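Two complexes are shown next, each including subunit A; its partner changes from subunit B in the first to subunit C in the second.
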Partner chain A sequence: MYLIEVKNLTHIYSEGMPYQTSALTDVSFNVKPGEFVGIIGHTGSGKSTLIQHLNGLLKPKSGKIIIDNVDITSKDIKMRDIRRKIGLVFQYPEYQLFEETVHKDIAFGPLNLGLSQEEADMRVKEAISLVGLDYEEIALRSPFELSGGQKRRVAIAGVIAMKPQVLILDEPTAGLDPKAHSDILKMVEKIHKTEGNVIILVSHNMGDIAALADKVLVMDGGRLALCGSPEDVFSKEDLLKSLGLALPPAAEFISKLKGKGINISSKPLTVEEVENELYNILNNN
Partner chain B sequence: MIRDITLGQYYPGSSIIHKLDPRTKIISTFIFIITLFLVKDFLGYLIATIALGTTIIISRVPLKFILKGLKPIFLIIIFTFTINMFMTKGTPLISLGFLTISKEGLYTAVFMGVRLVLLIIGSSLLTLTTKPINLTDGIEKLLRPLRKIGVPAHELAMMMTIALRFIPTLLEETDKIMKAQMARGADFESGNIIKRAKALIPLLVPLFISAFRIAQDLAMAMEARCYKGGDDRTRMNEMKLQGKDVAAFLLMIVFVAIILLQRIYF
Partner chain C sequence: MDNIIKIENLIFEYKREEDNEIVKAVNDISIDIERGSFVAIIGKNGSGKSTLAKNLNALLLPSGGAVYVNGNNTSDETKTWDIRQSAGMVFQNPDNQLVSSIVEDDVAFGPENLGIEPTEIRQRVDMSLNAVNMYEQRKKAPHLLSGGQKQRIAIAGVVAMKPQCIILDEPTAMLDPHGRNEVMEIIHKLNSEGITILLITHFMDEAAQADRVIIMENGKSILDGTPLEVFRHVEEIKKIGLDVPMAVELAYRLRKRGVIIPDDIISEEDLIEYVFNRSKEFNSYI
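Entry: the complex of A and B
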């Protein structure tokens, strides 16, 4: 059974205007419950347009999106029900913060879902600890006096507190330093494990996608160019490079070793796997 | 949704109207608007409409696109139409209780309505066929003589350029924040007026912060490149009046002459 079914999705921006552009063409894929999906593609390939369709912010020109057996593209659907199921964290989510305190800001989403104040308070505490912040220390401070990394965590907590079945993150690590980058990814992994929800991660970092995703979607010019396991997708080096994408650093390294004439049969994608592989090769020699 | 606003928007094209010097277009638009107030009857409007229509056809901007830009002003047109219709005294045509529509009232209402529509289409043709940057360049050049009496022409033009330049950016920003808040369940569309105004807070606070951030970044970037307004600045593209501009001015003179003759003799 699939949790998300996307069928022949097509979207056109500014239809009928001289600058109309087709942003999505005939995109179809499925996501199983609990899957971790990575979406890659260079700038303007349609990634952001695609994820905005998944929670009903954009309506497709044609095609269907079925989430948990509900067709969210049909006219008589309540947006609130979609938003309850699908949480979307935009790029630079810290720019959406607006409340006086961190607590109020995170409670905004749950309260909009119609939860009681007590329930929302509970969710805020939960969400703050899930994103790795200290409730006592941070809850009553203004979100605007936090550091960049903390702001981003608070903004992500604002979506997590809605407890979505599907959490979509659009480049959650953009513009962060390496430490905050890996912290955010660890946090995403932790959320995935504790909540058991579907995570859809849009990223430019192939290494992150290779390490985390169960399934990888490759977008190019509004079309779904590739869809499969990280092993499948990252084995198509030439195709990825022709789409302006790269291999994960670890795979790139192995590919270069192979180019030097070293015989490697497996296809490691993460640094740890490469480490093991190198041990094997060195031991065998 | 928000990016579909066409008022004051540029419609890319390469027609002769697009290629005219911005100054020519600004002055011609002013002349056209002033001339509209010289018209005394519908025959005059017919001439103006034909002139405007021909210009639109030459500019190759689709009529559909222009009319779309009229939509936001539609309310104002309806408003003036109604006011004129009921408020002008004269021979009664229809009476609805205390409201009377007079023959003169109906005439004035239609007359004013047509004037308003022509006025708006005429001025929107200017912005549709002129890139905002060229438009402000033109304004700067036209204001230059006024510098002698202390009008800061360059600064004004720069402010306008920046304002125009950032309209799309701010619209995009609004769109983005709106979507982000909608993803968190914010509802901008239902409820009474107080509820709706309150619902705007999650939009306005981040928008203001963004606007200040953008302004700061821009100021920094300009200073980093040693921007200094004022006298000695040269420009990359000097504007020069060409043969087609002279032709356009001649046509405008002919147009004004026809309108004036029509006013006096017919």
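Entry: the complex of A and C
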């Protein structure tokens, strides 16, 4: 049983105009409940167009998206029903904060879904704690006084307060320093564990994708070029490089080591795994 | 030593909006930047890196101390244009830096403002676009380019001013891996042609490519040296929430497990070379 079924999705921008471009061509894949999906691909490969279809911002030229047994591409679907199921966190979401207080900003989504003020307040408290902030300290402050990392957390809280079954994050760590970067990823893992939802993470950071995802989608020129486990996908080094993508740094390192003629049978994807591999090599005698 | 930039006890204060407290974003920094060098500045968000950078070409003026670019004090208003011409800046978001609807017009914007002759402008635009490998795209509209290409156009716009120094504030933060490589290649190329580079970045592998790394924390410079000297302080760097390049991290972890690793390993190539040589030794015993 799948939570998301994407079938032969095709989208064309500016159809019939001089700048007509096929943004998506015949994309099909499935996502099981609770799966963590990574999407990679260089700029312009169709990643953003794809995720904008998943929450109904864009309608396909042809093909279907079935989420939780509902075809969200059908004409008579209500947008509110889609948005209730699918939360989308855009790149640099902190630029979308707009309310006077953090509380009001996060409550905006739940209230729009038609929840009562009491229910919305509960959701706000839960969401603030899930993104690792302190409710008492932050709820009544203006979101604009916060640090960059805090603002981003508040923006993400605004989406998870709607309790989406599918949470899509587009480059949630872009522009953050190393500590804030790893904090945000830990937060995403925590949300995934607590809510048991599907996470779809779009990222240029192959190391993060390798460490977190159960399934990796590789986009190229609007097509789904590859789909599989991180182990499968990142074992196809030549193909990835021909698509302008890199291996996770750990895998890249091992590949160079193999290129020197050193025999390594395992396929490390993380720094820990490389560490163990090197430990074995260097402790050989 | 010939220094293009001299920073003497620089202090930059501002009033924080939420509580009207005076905050020292840069707190008593003294650094000299050698002409022709490639310096990377790293530090957490809010450590003062960008404020420091903006003090280097008179976008911000010191609250205390002084900054000299090519011997000109940035507080001397009559020198502002000389300073901005010799120290150009490139910012994080390429979309905020491009002003024209055609690539070559965008690159010409700076020199036009300097009041340079049209024939000379033409030469400079062609030279700059070639320098960033974007000459072929000169007639295109910037919004049709990739992020890496846009960022290279922004760099070309600075190069057309014939600067002696380019300050880049997280120029690769919004780019995909391919775009990042493109921009880093251009940075190395410009540096090899004698332009001083100051690169602010969150990517430790980029910092490791510089001649010198400065780590900022709370408005102060806390570590300053070659990448090898600076990244040796693994624990200190991690404590302030930063990272070290992957090869340094691996060497550090292996050393902790009792494996002998020389302390001059900074790049992946260094580590691969070492592992290769050691495994050759093992094999010769077999």
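Following the convention adopted for this analysis, the second predicted complex is superposed on the first by the 282 of 285 C-alpha atoms of A that agree within 3 Å, B and C clash if a C-alpha of one lies under 4 Å from a C-alpha of the other, contacts with A are read in each partner's own complex, and residues count from 1 in each chain.
Definition applied: a contact is a pair of C-beta atoms (placed from the backbone, for glycine too) under 8 Å apart; a residue touches a chain by one contact, two chains touch by 3 or more.
Predicted, not measured: the structure shown is a model, and the values here were computed from it.
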Partner chain in contact with A:196 - subunit B first, subunit C second, else both or neither: neither
Subunit B versus subunit C as contact partner of A:175, first or second or both or neither: second
Superposed model, subunit A: greater residue contact from subunit B or subunit C: C
Subunit B versus subunit C as contact partner of A:52, first or second or both or neither: first
Which superposed partner A:275 touches (first subunit B, second subunit C, both, neither): second
Contact set on subunit A toward subunit B in their complex: 14, 16-19, 52, 55, 57, 79-80, 83-84, 87-90, 93, 95-98, 108-109, 112-113, 144, 158-159, 162
Parts of subunit C lying in touch with subunit A, wherever the complex brings them together: 17-18, 43-46, 92, 146-148, 170, 173-179, 202, 204-205, 241-243, 246-247, 249-250, 253-254, 257, 259-261, 268, 271-272, 275-276, 278-279, 282, 285
Contact footprint of subunit A on subunit B as seen in their complex: 3-4, 11-12, 64-65, 176-177, 179-187, 201-202, 205-206, 209-210
Touching residues (chain side subunit A, partner subunit C) in the complex: 42-44, 145, 147-149, 174-181, 204, 206, 244-246, 249-250, 252-253, 256-257, 260-262, 271, 274-275, 278-279, 281-285
